[in-house]
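One chain, chain A, links the two complexes that follow: it is found with chain B in the first and with chain C in the second.
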Partner chain A sequence: MRRFLSSQYFVLWVSLLYAAVMAPFTPAFLSPENALNILSSMLPLLIVAAGQTIILITGGIDLSVTSVIALASVLGAMTMTSTSGNVVTGIAVMLAAGALVGLINGIGMSAGRMPPFMVTLATMMFFGGFAVWITKSKNVGGLPRNFNAIGDSLPAVALIAIAIIAVLHFVLSRTTAGRWLYATGRNPRTALVSGVPVRLTTTAAYVVSGLLAAVASVIYTGRLETGSPVLGQRILLDVIAAVVIGGCSLFGGRGTVLWTVLGVLFITLVDNTLNLTGVSNFAVLIAKGGVILMAALLDTVRTRYATH
Partner chain B sequence: MAIARRSTPLVILAAAVLAVCLACSPRHNQPTVGVVFETLQTEYWTASRDGIAAELKRRNVRMLEAIADGDANRQLEQVRNFITRKVDGIIVVPKDADTVIPMVRHANRAGIPIVLFNRPAAPSDTHSVAVVADNFAITRDTVSWLARKALQSGPKHKAAILLGDLGDLNAIARRDGYEAGLKPFGEAFETVSRIPTDWNQEKALAGITNALQAHPDIDFIFTSSDLLLPSIVSALKSAGKYKKSGEPGHVFLGAFDGDATAYRMLREGYLDADGVQDVDFDTATTVRAVMELKAGKQLPPRIVDNGFVIHQENLGAEARRMWGAKP
Partner chain C sequence: MQLTNTPPPLLRCDRLDKAFAGVRVLRGVSLEVLPGELHGIVGENGAGKSTLMNLIGGVHQLSAGWMEFGGAPYTPATPLDAAHTGIAFVHQELNLFPNLSIAENIFVGQHPVRRIAGVPFADRAAAATRTRALLDEVGLTTAAPDTLVERLPQGDRQLVEIAKGLNQDARLIIFDEPTTSLTNREVERLFTIVRRLQQRGIAILYISHALEHVLTLAGRITVLRDGAVVETGPRTGFDTESLIRAMVGRDIEHLYPPLPSPPSSPAKVLEVRNLSQPGVIENITFDLHKGEIVGIAGLMGSGRSELARILFGLDPAGKGSVRLNGAPLDGLPPRARIARGLAFVTESRRDDGLFPDASVAENLRIVHPASPDPLRMLKELHVAAASSEQAVGELSGGNQQKVVLGKWLLNPPAVLILDEPTRGIDVGARQEIYSVIASLAERGMSLLVISSEIEELIGLCTRIMVMAGGELRAEFPAGTSREDILRAAV
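Right, the complex of A and B next:
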């Protein structure tokens, strides 16, 4: 049982078992169209979750990702629909916005020595409110067709997601920067004494998280063909649940983006199957809450096994 | 490597189970309609959902339900899931007029009829039918009646309006209806406060409290939704201005929707007039529209619910049509 729970393939087995159990009761679940739907739902969430993985590895948390998505959405949309704007400039503005919020988060923690929860909660509220304020709560429509096509093109989104996962996996598993991230998460004091630039590492992690949230915003905004000041407001729990289900520890120092892929797959499967079966929304919320609770319990158990 | 060897039989077993399950997937012959609500967080939406469910059941149509919790992207995913289910029709309560467009486009591509409930889509190259209340006319008539009643008590009044989410076309139409309702009365009414609420009760409470502090002589309030009435009641009570119709210091109060809170306040004499969306008409028409589209019938892009105004003088006669008055 200990080996099974500690296995890096644990979530994969759970996902397969879940799919096997639900398939008889879920019409169209195993159809090719539904497989594409699952991929389509999964990929932008995976991109945000990959950024959150980096943060959790460092022992932090980033609550501001939802506001980054909204802020990037409206700034990009406003840029693209302005007289001098175009798609490239719009996307650049979106990415810059995400990186800037990440930088503010990182500086707040590294220089200001404030807890990640408080810093990112503050930036979540500030930039979320800012997005609503600059748009006066209205959507920005009329986006260029070639921008909308990015979010609508599953191959393009898949390429972006695969590239991001590949790069992050390489960095985490093969580079000094990756080792610094894990060291910072396991014990920042020890890491600092050992020569790890903890402040720089922490700041860089939050910049990456903000940047990846902005990439996801490009996809979500293109898919909805609208810059929305409330885009992505509800996905934070899904993001954190997926990362924790995947095996990343809330206590820091453990996790990989490949595990996060499995966590996102599982959470997407749960959403998809419950939606296809037409169960009431209240049942969906209860089920997802149960899944998140189980993920948190599992994290505690696996951390205990890892330390003993 | 050892783990991989031990894992292989498990993977093969799981794949075999999946293959068997594929052959066992359930099939239904009953027509199915997917219903996607933005939220169920108000009485109006709950009454609408219940009305749609009852009408579908009456027609022996199976209903699949999904709630997006205010997330437009989730709503899009839910619509796409229903398209994958190859439902016979889709009813959507859009979060807003813009983000519903790609949902309609997906349904159009799949050849599945789609009807929008309560909120229309913004102009686009997509095709859908929307069943919507004439928010402008209902609000105009409500405010107009309220203004005439207010003038019986005095020639000049200070007014406030609680606005909805201005990303919602319904909120914009109600705002415009309010202005149109007061326009014929010229300077008799001065709107001193326009309070943005985003359909949020906390924002409404803060906004109306501030308005009453800044303008203690406000005696005419219109709210774009009955949802915000509890916030107004709380603020009026704090200001000592929560008086029944006919009592000195009564604040003329008008609202929109027709929920149970509005009905109770009308009976008690605190609310003067309420613009009502005819939920029975809306839900029955929506279901009929999706079934007719499925049968190949052509329908206009918009079907309008003209609603009605209920006030203390016609409460006895019109209460039976008010959805919030039903037990």
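Right, the complex of A and C next:
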């Protein structure tokens, strides 16, 4: 029991247990099509959550990711549908938009010394509003086929996600930059005294988070075949819940992207099974809230059990 | 309460045992405290002093054993139980709300009320009157009851905590390292108050590393080692030597190593010129030579720690310049200063010295990640840790400090600044750290040692500078008397 509770893969076991319990109620759940479904909705979420993992490791939070998704979506779509635009400039604009919002977040925190929650809340509202404003709340359709193909191709999306996870895992576990990220989250003052460039590290983390949200936006926008100013608005809490369920501490210094993969798997499973039962969207939200609460409670119990 | 000729003990602890996660940290500790007695508890870090106090204070619960207070069984489940029974705890880190007034702190949770039409209102006037009386009793006559606690110096805050204990009719007050952050004058004042409390019949349990203080105050002394009582008896049976022997279990021959010989042609390593920051430090000018150990003495608030932080680039300097081996450091962040050969062991390991939850290995690697085999420092500095994967916060203060030293020494700096290098560290580890400091100087490193323990500076340094009011007031060669330094510091 103790080994089970304190296992790194605790969330994986819980996910499997959950799947086993839910399977009898949702006959479609175990079909191969549904497995692909789960994978396909999991991957872009995972890309955003990977960025959020880095942010949580530094002891921060990034609420602006969903606005980055919407902003990148409309800016990219507008670029690609303009006369001079093409797929490459479109994607470049999307990524640049994500990185820019991240940079603004980072500078607000390191130079402005404002708390992450406030800075990213402000950028979330500002850029979310901006995306709606410049499109006059209209979708931007007629995107190039080559662009849509990226999001539609599961192998391509999987490749992107795996590459991102692999690189982040390597950076976090094997490089000095990774050490700096954990050090900043554990105790920024000790980190500074120990020669860690705390402001640079923090800023870089938010730039990466913005970039990854923009990558997810490429996938979401391609799947929708439309630039939408409200794209991704509903996934913010899923992202944060997934990362925390994976085992990242909201207080910084603890977590890995591999844990986040498991957290995202769990959240996606919950979403998927509840949708398959055919209940209303709001009932899904209610149930999801309950399940997430249970998972968080289990995590607390487990942490207490492991340390005493 | 039973009546006998000798006064019955106020607190009786009988064969207390405490285990955390199967590790026994207290083994059969018995202790008696008489009314009006000051009972000193000494021991190295990890000897079980804090655990014992936490059992008495209701923070932790007994694994085995029995306690009596005032003749009745005493089984506190929470610190609140302890408070209601009549036990007050003056913590090392004071438990006051800095943003509340003195009166609000004293009456937190039980503010006097006045009923108007049956509705209770906070009776500020009554609280102020009572607070005034309590403050006068603890000798804090200058502070008004509505003063915010954050405006008070550290020593005054401690008196507020004592007043809070008196308000709860405490019959036993536990002091945990009460003098670590006090100025000498505040220590004197505390002693007067403590004696006054004793005269009122209040018993005191006094835990301290400052053996001279314990020897001055205590009627009886109990020595703990490895979770057990090794000696207990009247103060007259002890002196500093015998206490240390009992604490360490062996003789400490020489606490301080021989001073390193001054270099024949001293090369300037660190040149500080007119360094100023308004309201913090004023016109600081000095040189640090190769192989020197220079001490900085001064009272709390004299600007000594602030100077160190400015030298290391953690705080800005308004004016002046700092050169390390001829190259200017001005405006550089800590990272760049480290690369040029500066290192800084900060005053508080918990605040900015270590990542307590992270492993020993992780803590060692943070400054010089590319250094091969960082774990060699564990052996070189004799760090007692279960493994390099153990969380550094679980180690004793001395071993934590060795890890801090180790992370800097992986790539030996030209100048090492040490702020309170032995705070909260027991005698054995203290001696080891002194000898490390001396051998670093012998090998040509320059060291700047900041300490509020003047004896430490006298024993360790080749030169002592004294700061007061943000300025360098005086400089003394090795062998200066304590009195001369003190006189310059006030």
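Everything that follows uses one rule, which is that the second predicted complex is superposed on the first by the 286 of 308 C-alpha atoms of A that agree within 3 Å, B and C clash if a C-alpha of one lies under 4 Å from a C-alpha of the other, contacts with A are read in each partner's own complex, and residues count from 1 in each chain.
The rule is short, and it goes like this: a contact is a pair of C-beta atoms (placed from the backbone, for glycine too) under 8 Å apart; a residue touches a chain by one contact, two chains touch by 3 or more.
These numbers were taken from a predicted model, which means no experiment stands behind them.
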Room on chain A for both chain B and chain C (clash or fit): fit
Partner, of chain C and chain B, that touches more residues belonging to chain A: B
Partner chain(s) touched by A:Thr81 [first = chain B, second = chain C, both, neither]: neither
Which of chain B and chain C A:Ser280 touches, first, second, both or neither: first
Touching partner for A:Val196 - first (chain B), second (chain C), both, neither: second
Touching partner for A:Arg186 - first (chain B), second (chain C), both, neither: second
Partner chain in contact with A:Arg234 - chain B first, chain C second, else both or neither: first
Three-chain overlay, vertex chain A: chain B-chain C angle, C-alpha, nearest 10 degrees: 130
Touched partner set for A:Ser153, first chain B, second chain C, both or neither: neither
Shortest CA-CA distance between chain B and chain C [superposed frame, angstrom]: 17
Residue ranges of chain C in contact with chain A within the complex: 21, 312, 314, 333-335, 338-339, 344, 346, 351-358, 362, 365-367, 369-370, 407
Chain A-facing residues of chain B, complex: 3, 7, 10-11, 14, 17-18, 21-22, 24-28, 34, 37, 40, 63-67, 69-74, 76-78, 80-81, 83-86, 96, 98-99, 101-102, 122, 165-167, 196, 198
Chain B-touching residues of chain A, taken from the complex the two chains share: 7, 9, 13, 16-17, 19-20, 23-31, 33-34, 37, 40-41, 132, 136-139, 141, 152, 220, 223-226, 228-235, 271-272, 275-276, 278, 280-281, 284
Chain C contact footprint on chain A (complex, rising order): 176, 179, 182-183, 186-187, 189-197, 253-254, 308
